[in-house]
């Protein structure tokens, strides 16, 4: 009997369920407020999606040739293997726009470029083995003639030293603004097993041979004129070409994968990433030095040092995909429900403090004590046991 | 006294708490439905973890040698510094599989490669200074003999021009499929102060010297045969070697850090990232041009241009780690609780609409109006004041 | 009339709202517990922000010169274009610290470096066309003298072969620890349209010319001494310089954008990313081989092979920004509310099980059955219909 009793309690515990006793109140003003707040909450809480970050692969290919005619190099045609560094076509590529070449450098000794710290009167001003942070070599301890009037400390270095005080103006390869770059971008959202590329389905080979990107007429053409990108970033190519800089090519793949796949298309935008503001401008622009090494006739290692100014283009792919998933839906739904209960409290407060006919409210409330599904609690209360 | 009254109101406000008046209903069908839905909700809402994205560092090292015998270069052994570009062993590395070399180029003038736009009859067909998008140099304005029968516009360029119409078949370095690459990958989840590498603890030096990755026998060996990866990506190495392509090496570090650290192991997968579909195939495969620069006997700058076809391997590390955290737990718990209240509503609706003995339900409901903890409201209601 | 009735039902449905019937219980102990748990929940659930991941662009510039004096190369000054690979100043840059040069290599035949597998007695021990995984070329099938006492298989390769058994000690370019690197980092949080760089507003040009990063005195100076970074990572530069390694330069941009922009500043940290633990140490440290190509006097392609040991610095930018947003606020608020309802249940349980005066509680409960806003349910129950 004890067990039977115990079992019945267990069953009651397991299969009984609780429901709240509720009041339904009829007041049009408060009721309207109640529905309005409910609507606002449900309208805001829509973030019912599971999300995933984009995984991306980029390859780039620049096209274009430039002819230059300088006193040092003479007539020279620059092609892609010469002005795109590195040549592999990765997602970050550098296009040469201005150069300061220093041909014929060998390991030897020569006077430093004159500056406040390198000028000297006698050997005692130079310290053997000393390396200046902004110097070009290691001092030998001698003070030698740099020109007829100036003496500087001698350095062991790749001589003759580069003199980069005068930057060619206009930029030697300023015509690079007419170059084009084809950007191939494959993305995937692994969580949703979704893959796509920026060469969209409707783009055919004929179109691609002739198109260049234009926000209005060709928004899906993956071939970009360098000058156009720089202009869209709000910069002047001819100015930027002088000292170089960094341009970001942003590809935004934010997609709602509950919609058909064809609505998931890349959006391109461009902006300058380095600082052109001259306030605290250390090393403005973008440049680096590289060298081509030779053996000269006497088998001595010789190099042509090139100070390369140019524009680095960084292709930056970003995006989040969202797709319906039961878990975040429950989380958001639950949160919304909980908020809705707050609405009841707000409405009660409005009712009790703002309404003039407070007494009538209490009286009406009594008359309609019904539970959630219309069963009158008052009827229950008066029911004979 | 006013203060005392005020204080007691405050205390009542602070230490009083509210509890709902509830009905417990005993109906096995509805009760079972109620418990079932509750169980489903709790089973789904388990995303109680705080998450962090992986931070990763990769280095790679390719090994292997190939002997080729061509008419232009003769017998040549290719080693890593020659066919891996760039040589540094970064997370994206390119392995040469096919080459079109053009030795002995110098800055000079020569006839363009014949095409629809470069063929000409007389000088008037060529415009001085013109650069064709797909051309190799800058036109001089002259129309010259390309061969006995064909005349093309002369260009200032690196001459002789490359003729890439015939791609070596089979691929010159097709044997690259036997090369191996060691991938060293260190990851961390900074939020959880968790670090790990893909050289797992139980892997010793002897094993690593001889193993190669195999999904079944050696799933944790970080040394991969190039051919094996391409096969796993569903491609044929000898076909892909002809024109090149991009293979993604995915390392998935998704981990549940509530489990012991040894369960957090990388999962490798491979897939082709570029498009081999020839529909809208601009620049199919993957190739780029680079040059080796020399000074010839007369100290004139000469270069060997190399059109390099090959496979770029992109190591793509991704993953999210989850770990118990009180905040998302509360968020999810709260949401689940709110959802549970919805269950009550569903059960009430089932009860009132579907049950045949509706009247009896109302009667029973009355008999058991008890609050959440068993105190009978009816008893309360009949209690003399 | 039917319609009027119908309409009134609709209106009642639309503008009626439900409110729970509630008990307020006065018990200081349980009340205090109730308020305490409520407070704890609200204190924990503060993650009311929308978040975005950082998008970053990095450029780096190394400065410094080193003089070395070796038997092979003589006196040689190393400058940035020689020891920084690649030279472009990307976010991952390699600084040479030790080299094994092998000058004058040409395509020819020579004996392999002696090892267990390459030593031989006669031609029959060598297989023509065979490539050893750790070998340097392709075997010709001949067994030749390596030294007076040792015979090894002959290989077709870039000869003479590199002998990397002896690593220069101390490291040839160990003085690289005094080099400095300027790191320029621009970040953005696209969702919040927020941009910033690591050259903070208050840093001027004069300061930047002289500062180097120091966690205490110059925490915002973006110029780092290589040796300082390695020390902060817990390593010894002179040891690490021997065989190389990878150092991570972490820039943490975690920001709360509800605070003013000036509080969003980068935090730098450094740690070694590769493994120095010698347990299962395949290819310890970090090295790679590259070559400089020449044509010798007889126009034969010659190269200087360089086995480069050094430190790769990976700049890793990470961070999340948070900003107030109504959606996550509602989600968290809702969840907190739902949790608060759990508190009621806990307090009820405490009340009913732990309190001594259980009977009195039930009696008191009856006396104070009031709804949430003070309307007594008992009064309602006794009200004449």
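Remarks
First chain written, first letter: the chains are A, B and C, and each begins at residue 1.
Criterion: a contact is a pair of C-beta atoms (placed from the backbone, for glycine too) under 8 Å apart; a residue touches a chain by one contact, two chains touch by 3 or more.
This structure is a prediction, so every number in the text was calculated from the model and none was measured.
Between chain A and chain C, the least number of touching-chain steps is 1. At the interface between chain A and chain B, under half of the residue numbers involved are used by both copies, so each side presents largely different positions. Mean C-alpha positions place chain A and chain B at a centre distance of 17 Å. With touch defined as above, residues shared between interfaces to two or more other chains in chain C number as follows: 20-21, 53, 86, 294-295, 331-332, 334-338, 372, 377, 381.
Against chain B, the residues of chain A that register as touching in their complex are 11-12, 14-21, 53, 55, 57, 59, 61, 63-67, 74-77, 79-82, 86-90, 178, 180, 182, 184, 186, 190, 197, 199, 203-205, 207-209, 292, 294-297, 302, 326-328, 330-338, 371-375, 377, 380-381, 383, 385. Across the complex, chain C is touched by residues 20-28, 30-32, 34-35, 41, 44-47, 53, 85-86, 92, 94, 107, 129, 131, 133-138, 155-158, 246, 248, 250, 252, 273-275, 279-283, 286, 288-291, 293-295, 299, 305, 312, 314, 316, 318, 331-332, 334-339, 341-342, 344-345, 347-349, 351-352, 362, 365-366, 369, 372, 377-378, 381-382 of chain A.
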